[in-house]
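Here come two complexes built around subunit A, the first alongside subunit B, the second alongside subunit C.
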Partner chain A sequence: MRYVAPASVAEVVALLAGDPEARVFAGATDLVPQMRAGRPEPSVAIDLKKIPRLTGVSLTDGTWRIGAAAPTADLTGNAALAADLPGLVYAGGLIGSDQIQNRATLGGNLCNASPAADSVPSLVVNDAQAVVAGPGGELTVRVIDIPSGPGRTSLQPGEFVVEFLIDRPLPSTSDAYLRLIPRTEMDIAIVGAAARVSLDGDGNCSSAAIALAAVAPTVVLVPAAAEALVGGPISDDVLATVAAACAEAADPIDDKRGTVAYRRQVAGVLAKRAVLEAAGRAGNGGGR
Partner chain B sequence: MSRTHVSCNINGDDVEFLCDAGESLLDALRDEMRLMGAKEGCGTGDCGACSILMDGRLQCSCLIFAPEADGAAIVTVEGIADGDHLHPLQQCFLEGAALQCGVCTPGFLVAAKALLDRNPDPTETEVRYALAGNLCRCTGYDKIIRSVLAAADRMKEEVAG
Partner chain C sequence: MTITEQRPSYRYVGTRPVRHDGLDKVVGKARYAADLVLPGMLYGHILRSPHAHARIVDIDTSVAEAMPGVRAVITGADFPDLPADDPERNMTRNLMARDKVLYEGHAVAAVAAATRRQARDAAEAIEVTYEVLPHTLDILEAMEPGAPLLHDDILTTGLDSEPSEPSNVANRTCYERGDIEQGFASADVVVEGEFLTKPIHQGYIEPHACVADTGQDGKTVIWCSSQGHFRVRSQTAAMLGWDTSRIKVIPAEIGGGFGGKTTIYLEPLAVELSARAGRPVKMVMSRDEVFRATGPTPGSVIRVKLGATGDGRITAAKAWLAYESGAFPGVWAMLGCMCVVSPYNVENFLIEGFEVVVNKPVNAAYRAPSAPMAAFATDTLVDEIARRLDMDPIDLRLLNCPSAGDQAPYGPKWPLIGLRECLEAIRDSEHYRSAPAAGHGRGVASGFWFNIGEASSATVNLNENGTATVVTGSPDIGGSRASMALMAAEELGIDVHAIQPVVGDTEVVGFTDVTEGSRATFATGMAVVEACRDLKGQLRGRAARMWDCDVEDVEWADGRATHSGGEHEPLALADITAEAGRTGGPLGATASLNARGAGPAFSVQVTDVSVDDETGRVTVERYTTAQDAGTAIHPDYVEGQMQGGVVQGIGWALNEEYIHDADGVMENPGFLDYRIPVASDLPMIETIIVEVPNPNHPYGVRGVGEVGIVPPLPALANAIHDATDARIRELPMSPPRVLAAINSGNGA
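Entry: the complex of A and B
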């Protein structure tokens, strides 16, 4: 294996185009364990962390730009980002230990394509866009369209994620993410649920999005739950409909961490609680 | 394949070493630099026994490719004492019997130092969360947590003079 640390996106594109066995990495928190587990090592490990655009976190013209290789510690340490997107930042702070959060990234969490990836539902409910660079130049892709199955993405050979773009939330809007694990730290989600909620001046829900982790081969957006919320107050009846819609949308597996029935039920419970948490913050003006 | 040349600063000394591209920084520290403090527990970032600071950030050196260290400033457990004068964390670990077999101890010390550097007055809960990435199979953690809190108190007293 060779190691290279290019200084520009164009260099990475050229390296990937010339070698199908080359692979980009940032924190290597998934790459190294996979190599240790016997997966073939890449011909070239392309370190993205020396490219400033890939490690930056900035707010420009009402849009947050989060570099795909920025460690999640740089999200949890950013008070302005945490005020605007508290659910996303909280999710970043759930992934692994302090040691891991100084290396792990949103780009890696998305492209490793674990169904249980904690940051992905929050990216999805905030309608994050991923800037993807490749042989054809750069294009912008919705994050929801990138995972295609466990360990698989829709990225084409030679493509990699450069950064995420998230519009600053409107006033009286907030997000939340909750996950269930059997302990307080350092585990993989049995179920995760993200919600984004906007309230109007009367306290009615004017816009919403709900997404689930670890209950299907990819992150699941649940439009039926959002439709149940929009247009009225967030009542117990509405929340029951949200929970039912999420349980219905969940298509989980049975494994040692949880059964299908348990995961479906928990998906509904966490979705309800995430909606209430997001709506509580939105009712206080959101991050504005 | 030719080996990669790395220049970096380790515990205040400018050093150079040769490594393989896929070698972990942990292996380079131990095998090239003969710094045996950081340990390999799991090799996958779960146990924290290989914790070091790279450019001020607490990281698992088993997850770092050694060439990534080029140009970086690294602190290992060997660098936290002041000559023969133990760091308050080391002293409190000794006094509090915060170790048995000792394999996890270097990682705990480095992680605890990273915590106290940014938060000199942590609560017990904050210490427990900050050390969640370090596993100990001997002590049951309680003596470690108490020793970190004791070190924080001692360091505050030293500052207050």
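Entry: the complex of A and C
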């Protein structure tokens, strides 16, 4: 295995185009354990962390740009970002441990394509776009369209994620992410739920998005839950409908981490709680 | 907080000096086995079975032997086949399969090569032809007639009549007293239940590791971490068919054992590979290998029935215990039988235990082995009796509490024990006296472990400057260097840091049994004290020579020789060692002994938990443990042992379990999905050291290493019941299981 650390997106594109066995990596917090567990090594391991564009976090013209290889520690340490997107930042702060978060990235979390990835539901409810570079140049793709199954993405050979674009939330809007792990940290979600809620001047929900992790082969958006929320106050009845919609939308498996019945029930519970948390912040004006 | 019975006052014993090995461990300087690198060293790698049960038809190593860097390849055929009655036969067949593989992860062959990767690649190139056999993973299924047989020579022992057919049930243990029918007939309350637990790994952070350097003289040197290097020597010799004198074992620092390093896995393989390659060979397990191939503690099925009178007196106990021992039989069911009702005086009981082999890794000791599962059953049911009778659970236990002179269920009369004092310590604790916070549930439980003595040796040498070196054969697993130094300081009357405690290899110190049964501070400490007392006699003699008086006129006290007639100025220890060359030469003493009279250990614990009734997630909010230490030599490390036991018990109760798929392949061989607790999962574990001195030890020591892990299983189950009304009788009480119990209205 050869290690290279290019300084530009163009160099990475060229390296990938020249060697189908070459692979990019960001924090390598998934890659290294996978190689230790016996997964074949790539011919060339391309380190994305030396490209400034991929490690930056900035707000320009009302849009947050988060480099695909920016350490999540730079998200949790960014007060302005945390005020705008508290659910996403919180999710980034759940990955691994403090040490791991000095390496771990949103790009890696997305492209490792674990159904349990903590940051992906928050990217999805905030309708994040991913800038993807490849042999054909750069294009912008909705984050929800990237995971295609456990360990699989829709990225084509030679493509990689450069950065994420997220519009600043409207006033009285906020997001939240909750996950169920048996421990308190250093664990992987049995179920995760992200919510983004906007409130109008009367306290009624004007828009919403709910996404679930670890309950299907990929992150799941639950439009039925959003529809139940929009147009009225967030009452216990509405929350019960949200929970039921999420339990219904969940399509989990029985495995060593949990059962189908457990994941369905807890998906509803966490979605309900995430909505309440997001709505609570939105009611206080959100991040604006 | 410490509760102390009447005892002599000590100058050093019971203080908390900085441990002698502390700085090296804190700064990362301490050397563990995996740290050692020797010139020309090769790396060993083991090929393991992918099958839970299969006949080995053929092993073809020819491709592997020809691969780059490969210097040696070995299989089971390269070791002597021990006769059926050899006590180490099963150990040798666990370290390297012969004829059959008995669990997924069972070692089949090993390779030594120049690099780790070459060794791994070559091991994977070994072609093994298997005939896959039906396997059995479940205790009750394995006990059934017609179950797949692991061994064709296991005839159950301990039955009324010897069976004619082999089975997976290795033995039956039975303890019986009184009239159990009458006992239940006189009961006003009868409770019973079946309790299930999974295999649990010790979870030591340091994987097994060793380096072996075998010379052309037929001798070998092994560096390894273990709980007893003399056992490493004897087991390695047994597997190789060598005389022990050809083997020297040098103990490395140990990164946790908890019983799991009382046996060996790698050393004979490394020695044989080294002999064939003519180079040192290092072998280090991955975490995956540690889980798949080293000893968990057994899973169990335990059925207990208890009867009590309306005023809370337990009248009868019936217990049926089955322990899975993995691929070879152990002693686990017997140990469970010895502990299952021991914290209670019961006149009428029938205790029956079965040792069952299944296609899983061979079990090893784990901190009070077999006692926690037994306590899970008994102390859950005792809690049910307390509720049925509306009695305080501590009062109920006090009413049935054994004390010195009562007969223990497994036979002997109890010596001086401190269970009552532990119960009273919890009853009187601030924790127990304050009500649980709103929404929290509270649980109480007790636990017993008998502790052992065994053989220990110590050598104490006085240096010319008046300092001392204390050499023992017990690896320092839980602060034993500091404890040995404290006892030597107390005896010799010199500062604890004027004493250098050393863990000696197999050729510099006398035979010492493995550290198990909480024996090191008790038994090895006794040898240290004996050697120091010998030295004090010698010091008096030297003073008599310096003063030209009768030795009877010299007294030794407070680290000084004094003349009974007052004719000479007292001599400090350093005054005497400085003149040793003129009075008879260097001063040193050795003691080797079989320590008798280990003091039984008891612990009583209380915990408060909260339960998220929508997710089933349990949070341990508060935890207090009281434990009888006899005398706490170094209270920091007594508290550390108490807290460590509780923490491991919390992990066992809430989340840890071996998960196997239908083919018998372990699904969670790593710390991500085998969930030992992390620090943020835990509240501060509050400790109350109870001191009821053991009369059989010069300082009253009881072993403290193990009993702390016994009560947490029932204490947490009882607390979860208190919080949710759900009685959960299967571990772990993980969020899915707790939620299912809450959903169904009752977990039982």
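As a convention for this text, the second predicted complex is superposed on the first by the 288 of 288 C-alpha atoms of A that agree within 3 Å, B and C clash if a C-alpha of one lies under 4 Å from a C-alpha of the other, contacts with A are read in each partner's own complex, and residues count from 1 in each chain.
The criterion applied here is as follows: a residue touches a chain if its C-beta (ideal position, glycine included) is under 8 Å from a C-beta of that chain, and two chains touch if they have at least 3 such contacts.
Since the model is a prediction, treat every value here as computed from it, not as a measurement.
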Practice item. Give one of first, second, both or neither to describe whether A:T259 is in contact with subunit B, with subunit C, with both, or with none. Key: second
Review point. In the superposed arrangement, does A:D47 touch subunit B (first), subunit C (second), both or neither?
Key: first
Check your understanding: Looking at the overlay, what does A:A83 touch: subunit B (first), subunit C (second), both, or neither?
Key -> neither
Review point. So, does A:E185 touch the first partner subunit B, the second partner subunit C, both, or neither?
Key: both
Review point. Which partner does A:A224 contact after superposing on A: first (subunit B), second (subunit C), both, neither?
Key: neither
**Study point:** First (subunit B), second (subunit C), both or neither touched by A:G96
**Key:** first
Review point. So which bits of subunit A does subunit B touch that subunit C touches too?
Key: 36, 185-186
Review point. Mind pulling up the subunit A residues that touch subunit B in the complex?
Key: 1-3, 5, 27-29, 32-33, 35-36, 41, 45, 47, 49, 71, 73, 96-100, 102-103, 185-186
Exercise for review: State the interface residues of subunit A toward subunit C in the complex, per the touch definition above.
Suggested key: 36-37, 180, 182-188, 190, 256-259, 261-262, 265-266, 269-270
Check your understanding: Tell me, which parts of subunit B touch subunit A in their complex?
Key -> 1, 4, 21-22, 24, 43-46, 48, 51, 57-60, 62-65, 67-68, 111, 114-115, 129-130, 132-134
Exercise for review: Using the touch definition up top, name the residues of subunit C that touch subunit A in the complex.
Suggested key: 286, 288, 614-617, 654-655, 659, 667-668, 671-673, 675, 677-678, 680-681, 734-736, 739-740, 743
